[in-house]
Amino acid sequence: MKEKLQAQISQLKSGKLSEEDFYSLISELPYKKHGDIKLDFHRKIRRGLPEVIYGKSKNIDQLSVIINSFTESNEDILITKVSKDKYDDLKTSFNNLIFYERAEIITFDREPIKKFDGEILILSAGASDENIAEEAVVSAKYLGNTVKKEYDVGIACISRILDLKHTFDKSSVIIAIAGMEGAMPSVVAGLTSTPIIAVPTSVGYGTNFNGMAALLSMLNSCAGGISVVNIDNGFGAAFQATLINQKIQKQ
Amino acid sequence: MKEKLQAQISQLKSGKLSEEDFYSLISELPYKKHGDIKLDFHRKIRRGLPEVIYGKSKNIDQLSVIINSFTESNEDILITKVSKDKYDDLKTSFNNLIFYERAEIITFDREPIKKFDGEILILSAGASDENIAEEAVVSAKYLGNTVKKEYDVGIACISRILDLKHTFDKSSVIIAIAGMEGAMPSVVAGLTSTPIIAVPTSVGYGTNFNGMAALLSMLNSCAGGISVVNIDNGFGAAFQATLINQKIQKQ
Amino acid sequence: MKEKLQAQISQLKSGKLSEEDFYSLISELPYKKHGDIKLDFHRKIRRGLPEVIYGKSKNIDQLSVIINSFTESNEDILITKVSKDKYDDLKTSFNNLIFYERAEIITFDREPIKKFDGEILILSAGASDENIAEEAVVSAKYLGNTVKKEYDVGIACISRILDLKHTFDKSSVIIAIAGMEGAMPSVVAGLTSTPIIAVPTSVGYGTNFNGMAALLSMLNSCAGGISVVNIDNGFGAAFQATLINQKIQKQ
Amino acid sequence: MKEKLQAQISQLKSGKLSEEDFYSLISELPYKKHGDIKLDFHRKIRRGLPEVIYGKSKNIDQLSVIINSFTESNEDILITKVSKDKYDDLKTSFNNLIFYERAEIITFDREPIKKFDGEILILSAGASDENIAEEAVVSAKYLGNTVKKEYDVGIACISRILDLKHTFDKSSVIIAIAGMEGAMPSVVAGLTSTPIIAVPTSVGYGTNFNGMAALLSMLNSCAGGISVVNIDNGFGAAFQATLINQKIQKQ
Amino acid sequence: MKEKLQAQISQLKSGKLSEEDFYSLISELPYKKHGDIKLDFHRKIRRGLPEVIYGKSKNIDQLSVIINSFTESNEDILITKVSKDKYDDLKTSFNNLIFYERAEIITFDREPIKKFDGEILILSAGASDENIAEEAVVSAKYLGNTVKKEYDVGIACISRILDLKHTFDKSSVIIAIAGMEGAMPSVVAGLTSTPIIAVPTSVGYGTNFNGMAALLSMLNSCAGGISVVNIDNGFGAAFQATLINQKIQKQ
Amino acid sequence: MKEKLQAQISQLKSGKLSEEDFYSLISELPYKKHGDIKLDFHRKIRRGLPEVIYGKSKNIDQLSVIINSFTESNEDILITKVSKDKYDDLKTSFNNLIFYERAEIITFDREPIKKFDGEILILSAGASDENIAEEAVVSAKYLGNTVKKEYDVGIACISRILDLKHTFDKSSVIIAIAGMEGAMPSVVAGLTSTPIIAVPTSVGYGTNFNGMAALLSMLNSCAGGISVVNIDNGFGAAFQATLINQKIQKQ
Amino acid sequence: MKEKLQAQISQLKSGKLSEEDFYSLISELPYKKHGDIKLDFHRKIRRGLPEVIYGKSKNIDQLSVIINSFTESNEDILITKVSKDKYDDLKTSFNNLIFYERAEIITFDREPIKKFDGEILILSAGASDENIAEEAVVSAKYLGNTVKKEYDVGIACISRILDLKHTFDKSSVIIAIAGMEGAMPSVVAGLTSTPIIAVPTSVGYGTNFNGMAALLSMLNSCAGGISVVNIDNGFGAAFQATLINQKIQKQ
Amino acid sequence: MKEKLQAQISQLKSGKLSEEDFYSLISELPYKKHGDIKLDFHRKIRRGLPEVIYGKSKNIDQLSVIINSFTESNEDILITKVSKDKYDDLKTSFNNLIFYERAEIITFDREPIKKFDGEILILSAGASDENIAEEAVVSAKYLGNTVKKEYDVGIACISRILDLKHTFDKSSVIIAIAGMEGAMPSVVAGLTSTPIIAVPTSVGYGTNFNGMAALLSMLNSCAGGISVVNIDNGFGAAFQATLINQKIQKQ
């Protein structure tokens, strides 16, 4: 960008570019420049982090176009919330995809590259929360993190949580995933000073209201050190944890 | 009632009452008798348990009439959700009342009589939940129970809860009171097989929604052995615990 | 545990264990010990009560692993919220299961052993609530209780409720199950001093909001002696009633 | 109106009014005529029924203007939801008003005239619902009905309700007012075939949600013969009952 | 019942029954008698009105048992909310049923008998509300009413509503059915003094919240003379209108 | 109408119509006239704008009747929210229809006629919102507008929005369509003084609550110049924009 | 800005500014320029439209600072949602303010300047909605519009609405304000093709939910041509109407 | 603790402590030790971080006891959500307190000690959000962080946000505080890869629902890198940011 501008300045000075033309180029600059300094969220991720596509409401045609475009540009890709049905359709056209069935994630068939030293600990409270936990695990790994996972760490068996205190403390971030009453992150927060990203899941029935009970529980935690993402947003938690890991790495 | 009926039967047999008149008396009986066999909730409690009045939406005049009527009939009384202002008004007219300020309860100035051996354990999670806890404590004592209270037993300091495991086990019922995320009863339920009556409180702000967060947490508990009463219903929990204690006593 | 510790103390005194090593063993103690004293909820139930698995969000693979593990360890099991489809799948691999179709419960094919004298009365308000009632009935029996059931006891026909007054009184606990406006438990509570565990069901339409109308009705009951579990949580009510029965038995 | 039109027709025939002018007069007619045939709700009531003003959100100035205008035109008036403070202000200017304090209603100081034979029965479940019940009672009387009231008819004491069966049956309409769990109208509906207008009140706390619990209970009643008005809308129920009484009268 | 009692009285007088035994028989009476004097809602309807069964949550087996029982006892029946699938199943076993497909109602194949003179007017706002309107129409006719129906009377075309003013006035009750914003009943109420039973339908999308928008609109109507039943409860409105018609008839 | 009336006036003047008969004709006029002066919403649109039918809750039979009637009267038609299944059914009977699959709209196979000069800009935030955007695009074109569309203009890439500032300014109205957090219209409103019709979509999951998050975001926008239509109501926005364009055209 | 830039270009060409310095000036440009080209919402309004401040959550100190700053810069100002108490405080310091008490708006004491020909019609449904209507009226006038207001145009008296049809048609935009069931805008929309900005008010009680009933009614209107702003947002509607008027003016 | 234990071990070895006594000391250890290894949340903070007390629901007596106890033990303290009234009461007894009026925070009168290098950026969207922003600022400083604050960074003036891009990038964590539609954090997240803790505030009216609109907006953000705390929980965000800063510091 700088080179281009300096060339234009030279052209102006040398008379190759009229004052009027130069002015009009500069008037356009702010927006072009915005494009240039990459305010674009997707491109930012692309630099170092794989591209992320929300797959749920996209059909096979839309997904095929996207996958083709990424294949051509040799970029990494992470598609979340893809059903097995969609994958089965896609794999008839593409042979470079991996499908993580429980995580409902598609990536290219490449090894994730570790970028950050901090270890992200991913906890899930019940067997039923594991799909969302897998979404977080696969995402976090693909985004370059080291991941440790501990499943079935519910508060009904408090000793399992207590046993993990040391693991809590040495992690850089904890992703704590729970449905039903969603109380596990609060109990963990009472035991450690590692920051916790809590993910409510829609597991439950009746007054669970598809995850509302867990969400409210997490937002109202009396223990400090918990911030929350959307219900079932395993990827979102992994992304936030990655940004924290990135900050840790940079310092 | 029995005497009256038997007298009528005698009158029938002796001919003083015609078959037809007797039949018509008996046709009316069901409703009268209903009145007689005390389907009346309040009277049932009165037999052995003090009378309970919900004081919140009653004005001084209404409360005065009620207190007078109970004073005259020499019955015990328990008025819940009475503000200090109302009590200050009432005490100018009545000198036989005790006011439990934090519990917002008025009773007559009599010693509660212990009726049940089982000990009710009343737990409150935070200092802010103590008013509701006091409502439960005062109610439970007045209803004839032995009460043990443990306050400030929040999940942010899990060791305090663990320390109480033995106390949990030997209680007959636990009343577990918590606001905010309301997770304490779930943690306690994971540690004991004593039945828990959980009371969500309206303590909190924002997404607490005046106790909804705690209520939902309690209803969705993954640990068994919790049933729930209305938000801030300390008396209701004490009453339910009393009924359980009564069943235990009877066996 | 005690023996092990005393052995270590002896080793310390005899010099076989250095002061430093002994100290480090003791530092680890709390957590190990926690593991040891079985704070584990599931194990507690296992001791005397069958194990309970929430089947709804588990797939055939997960359920198979669990059933195998329980078969091997010769433990009892109770799996709730299992659809007929899942059972049909499972029975091709397991021949030791019973499926209670209306209750949507799987257990091993063993006779429940009666553990408690107190009789649990299970009431359901409408024909449509009977599946949840069956969940409670099967659970309560498997957990060792004597169960009496009375169905179709709705408030639209108040005389049926009145007729049961004697039954209410002699039960140790009542499980009262109702959808729609959920008023039946309140009417029953007005007639008896037996504690009631109320179960709202999701039966209804429109403003029923999948059970919210019944839940709110139960939580706001003007009659004392009702505590509530989650919508459609027949098992939860049975479990709570069992804990109460257990307390009664113990005294 | 008719006279005016006929005069214009005559003018047309006699040539005093051109065809064109006549046509344009008639083009305007529909709207004028609408004004004439009194589609106006307020005026309709005025014919035979007192005028009704919703007082809650009107200030003293607005209310004074309205009262003056009705005084001048010698019309009856009924102002609902007026606080005592507002009345105290108004009575310094007007000496022709009656204030029903519990009902929060102002009317002119005139005797209501009975218009309908059917007796409206007004039931309230608890002492706390009586203000709304009084709003219904005062309104119904002022609208020309005979009113019978029975207060404190809650479901916790079912025998009181049973005792009233005969009264239910002989009323023309029942207005059933209840807060908390709002179950009383359902129980009454199970006992009678008199139509019931149910009024949920905002009495209660916690999950009562200012009357939502009672409203939902009433809308989901399993017993037929209940229709519902807004929370705390005692007047609305009285008005609907009056319209039914009016239909009965007319036949 | 009366005969039995009178026989017992005779036995008492003749000495065949001791006073004590007679007394104990009578002590039991209230409950038995309750059964006898038909507090039973269903039976009450049966006397003159067909029996009503809520079909939605009942399976083929349950429905078959009910239909058989009614066929045998030669009673009328009305089953609401029955899907075409269920009917197709049922008709293989029963040849005495009529299915009203849009109304989703099954009745026996008998002509309804007119019982009431008052004409019920059934209005529906949009083409999409017609199924619920048909439920009301079929129900009202089967319950013995004369029914007039006017469909597609939405507020977007106000002139259609205005045209019906005369019809509104001469009806005994209006059932006004509307989805979306549910404003039609309010407009109608502004034009007539016939009582209106409003039925919100779940027709709409987005913020309609399955009928909540219409329900709230109806409950908050600024025009008097509207009371409301549950969302999509066409039968409920017909039943309430029938009770009103019955009162009109009786006077 | 005018002709008819003038004919009648002539008849009156000529004596062919008596004064009395003429008067009675005119008395009926208001309602007839209402019909005539087209208070009818549908007819109003028909004059110049195609007829609009909400297709979602209508079945094939209903739609066929409507299409036939419009075909016969040679009117334009626009049917919204029609699934592909329904179209596939319909096209077996009709060969004059176009189906816009993503928009879920059926029209007759005619070229839209441009009526307004103002250009409507239709923005959609994400790929998943495009179906609703297409509904708006197709509707707006069919209603006679020039439409410019810009998709995938989400706030995560702010530079794309900034680049469009000039386009915003020169449009007559902007339809801004967004799901998830629905913030795009607010950002656009901060950049332009063109009025914005915002359309929340139901795209999202968890706490999105089927579009509520986006709706609330739009209603609470701190930037002025946004008004909102129902969730997923692409047609509604196009219709409102058309009315604005019509006003602009007329001046 | 343009002049400044052109001067710098001249300086660059003439050598008064080095290439390096010029480049660095330009690098800063985008952000500065953003500031300059007035992406700023407030400044945009300022150009021709008075500045708008949301006064509700600002204290006297904050408001004083703002008023001073506008006084100094000789700009117009419009402060919304200011209570009388705050104004009484402010007027002790400022003598250049006007307070519109019902509108709760403060402006400088200057005559609004008419900028647009289109007349905005402001309708309010009930006397209780007039404060919000006044907020809209005062705002619309101050923003340069001609305003016509019609109050008390509720649907309970449909003839008043019908009478205004001509007024509806000739307005450029209609602001329709209604509380309670909020149905008036729908009725108006059925009568005219003028675009309507609907404002729900929080007037009502019970299930009105502070304006939710009216809001939902407006969003679900079956009549096209309505878009909605936040509850009680009279200013917002006026602002949107102004933008539409501005577009009309420009064409 | 370690010293004490090692001393006891020495005593054991030396015979000063009997095996039996030593064993009993150790039996008590687990719970004591829990106390010691600081599962206690408050104590954990105390180590390096000031103690935090939620002041809102505590009365003067409770606060005085707490302040005294901290004064005596020479610990730091941070009391949140304290009204000015309470502070005015407290300062009559304590002269060692500072009150941050806008933040509603009390601390001891000591200089915060900087513990972390990472700079926390605290953004607030509107003037009305500043109180919560101040709560975050004061908390974050007292917890040992360097804080930079930028207020009035709303999306209505996007250029102000763009101008801060560099500041965003170099911060360690961003706390983004917004009421109304709460969209600012999403816009910021689109511009930076610094992790954002978003705080919805209850600023707004109508459909804002005391912060729900902002909360939902933040949870549904289409831009990654946002996690959320409770409405108005400025302290909670500061605490979470501190934990992240602590992790950064430690690496």
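Side notes on the structure shown:
Letters are used for the chains, namely A, B, C, D, E, F, G and H, taken in the order the chains are written, and counting of residues starts over at 1 for each.
Throughout what follows, a residue touches a chain if its C-beta (ideal position, glycine included) is under 8 Å from a C-beta of that chain, and two chains touch if they have at least 3 such contacts.
Source: prediction; values computed, not measured.
Counted as hops between touching chains, the shortest connection from subunit B to subunit E is 1.
Counting steps between touching chains, the shortest path from subunit A to subunit D takes 2.
Both subunit B and subunit D derive from one sequence, and where they touch, under half of the residue numbers involved are common to the two copies. Work out the mean CA point of subunit A and of subunit C, and you get 38 Å between them. Rounded to a whole number, the gap between the C-alpha centres of subunit F and subunit G is 25 angstrom.
Put simply, the C-alpha centre of subunit E and that of subunit H have 59 angstrom between them.
Multi-chain contact residues of subunit H (touching two or more other chains): 34, 39, 41, 54, 126, 156-158, 162, 189-191, 206-208, 212, 215, 219-220, 223, 230-231. Interfaces, counted as pairs of touching chains, are A-B, A-C, A-F, A-G, A-H, B-C, B-D, B-E, B-H, C-D, C-E, C-H, D-E, D-F, D-G, E-F, E-G, F-G, F-H, G-H.
Subunit D contributes residues 39, 41, 44-45, 52, 117-118, 162, 165, 172-173, 189-191, 193-195, 197, 215, 219-220, 223-231, 235-237, 239-240, 243-244, 246-249, 251 to its touches with subunit E in the complex. Subunit G meets subunit A in the complex at residues 2, 5-6, 9-10, 12-13, 19, 22-23, 26, 29-30, 33-34, 37.
Subunit A makes touch with subunit B in their complex at residues 125-126, 154-158, 162, 180-183, 186-187, 189-191, 204, 206-209, 212-223.
On the subunit F side of its complex with subunit E, the touching residues are 30-31, 34-35, 39-42, 54, 56-58, 62, 81, 200, 202, 210-212, 215, 230-233. If you check the complex, the residues on subunit H that touch subunit G are 126-128, 156-160, 162-163, 203, 205-208.
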